[in-house]
Amino acid sequence: MSFTIKKEGEIVVVDVEGQLIVGNRQELKQKVIDELERGERKFLIDFAQTGYIDSSGLGVLVSLSKKIREQGGELRLANLNDDLKTLFELTKLDTLFQISDTRDRALASF
Amino acid sequence: MSFTIKKEGEIVVVDVEGQLIVGNRQELKQKVIDELERGERKFLIDFAQTGYIDSSGLGVLVSLSKKIREQGGELRLANLNDDLKTLFELTKLDTLFQISDTRDRALASF
Amino acid sequence: MAAPLPSDVGLRVSLAVEIPSDVAYIERVVELVRHPCEELAYDPHQLALNVPVALSEAISNAILRANNEDPQKRVLVRAEVDTRRLVVDVQDEGEPFDLDDNIRDATDPENIEREDGRGLFLMRALMDRVERFDANTGAPPGNVVRLTLSRA
Amino acid sequence: MAAPLPSDVGLRVSLAVEIPSDVAYIERVVELVRHPCEELAYDPHQLALNVPVALSEAISNAILRANNEDPQKRVLVRAEVDTRRLVVDVQDEGEPFDLDDNIRDATDPENIEREDGRGLFLMRALMDRVERFDANTGAPPGNVVRLTLSRA
């Protein structure tokens, strides 16, 4: 399980490798907040290499999204597989996030 | 679990994919005996893609080797990983078989 | 992995795992329960979504809500898997709680921007059945949360 | 897979699998027992050689030697795994047999070209301990062959 942060132009891209769950969500939260405090405003989380996400992982995405919006920024998501899509649909979080099918499309959407 | 049989020049090469155990050793035995009856005499079994071998798998190798020798042929082995080597050493079957580290070396040894 | 199984074979797996009240163990326990389901050829979506997410929720509630991460308190996970269904019991050492009183509709506009409160909701959505019993050991007895899922 | 574990963590897995007397099940049962050992970071050689080979031998003896492949008879495999050791019991429904009377030195020149008779020898070579008990259920009671291996 790890989070890799890269900069693509103006956009901070976070790759979530493995699970996003109660045991590691705090690490993701802190990494993104650090970038936000450094002045970054555009964030993309890419789930191409993600296994499963639990409710506390979803909760971190919701609270990060709110924090970033409060600073006039935006958090978008990309590359949800079918099971992650189902998870977002069950919780209606697909209505809260802008979700792209590919990383390139997500990057172009900002 | 499967056995793939190829001809390399005069040599019949059998790849053992997965385990060689009580549940499938009969299939290996029959395949090799079919080739022996068809007139083939040089046999190489390649364990590069093998998981584990149980005592009945070892038993089939011993009995095939005997059968092939009785017809004036030979059965050689290649590509035992460390664990399979240990297994052959524990049972002293490394003294009964000619074992090569690579397929090419085994093919050249005939 | 061996070939898929028909649903009528006589393979039955029971598993019990005991862990300290530390969320670092959750992923490993999930994998220990998921694996026999995979060997018994459960549907890929059940293996990738229903089983891991629902089970993670139940275990993290046991660790965080019931045992308050007290390192002296343990969580016991018992699973019975066969070619028809998976039943998992997650036992904690906490005070009794009521499932229905605590479950919230996560899709309600009032709740959707909340950070927490999606655990029981997801368990209900992803399992065929979610039940709570008093454990028959311990004082306080602790809760057993039972998840049931038919193999698809 | 999660990171290796130190040897003092409180993770303990019990597993029970029941199968019909059919050798086609062996590989799957071996994988079900091997997997928790892998999650508990047993040595790769134990995972690739000692555990699968010794366990295959015990199960195939139960199916072939004790139960004579009678589809009515079952084999029960119970494993207890923690970060110190693996203990597996393989229970059959056959007549009692004596371990020491039946074990043969497979490396003896008289035996080396034999097709059979390496099973108990390999179990002894690959495990720290191999024992046989009468099962405490069934009539005849059946054998329990117990394999013990310390985690390396």
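Here the chain labels run A, B, C and D in written order, and each chain numbers its own residues starting at 1.
In this text, a residue touches a chain if its C-beta (ideal position, glycine included) is under 8 Å from a C-beta of that chain, and two chains touch if they have at least 3 such contacts.
Since the structure is predicted, the reported quantities are computational estimates derived from the model, not experimental observations.
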Any chain that touches subunit D and subunit B: none
Target subunit C, source subunit A, minimum contact steps: 1
Intercentroid distance (Cα basis), subunit C paired with subunit B, Å: 46
Subunit A-subunit B separation of Cα centroids, rounded to whole Å: 52
Mean-CA-position distance for subunit D and subunit C (Å): 30
Multi-chain contact residues (two or more partners), subunit A: none
Residue numbers of subunit D (touch at least two other chains): 27
Chains touching one another, given as label pairs in label order: A-C, B-D, C-D
Complex interface listing, subunit D residues touching subunit C: 1-2, 9-20, 25, 27-28, 31-32, 35-36, 39, 74
Complex contacts: residues of subunit A adjacent to subunit C: 1, 19, 21-23, 51-56, 58-60, 62-63, 66, 81-84, 86-87, 90-93, 95-96
Subunit D - residues contacting subunit B, complex: 23-24, 26-27, 45, 48-49, 52-53, 56-57, 60, 64, 106-107, 112-119, 121-122, 125-126
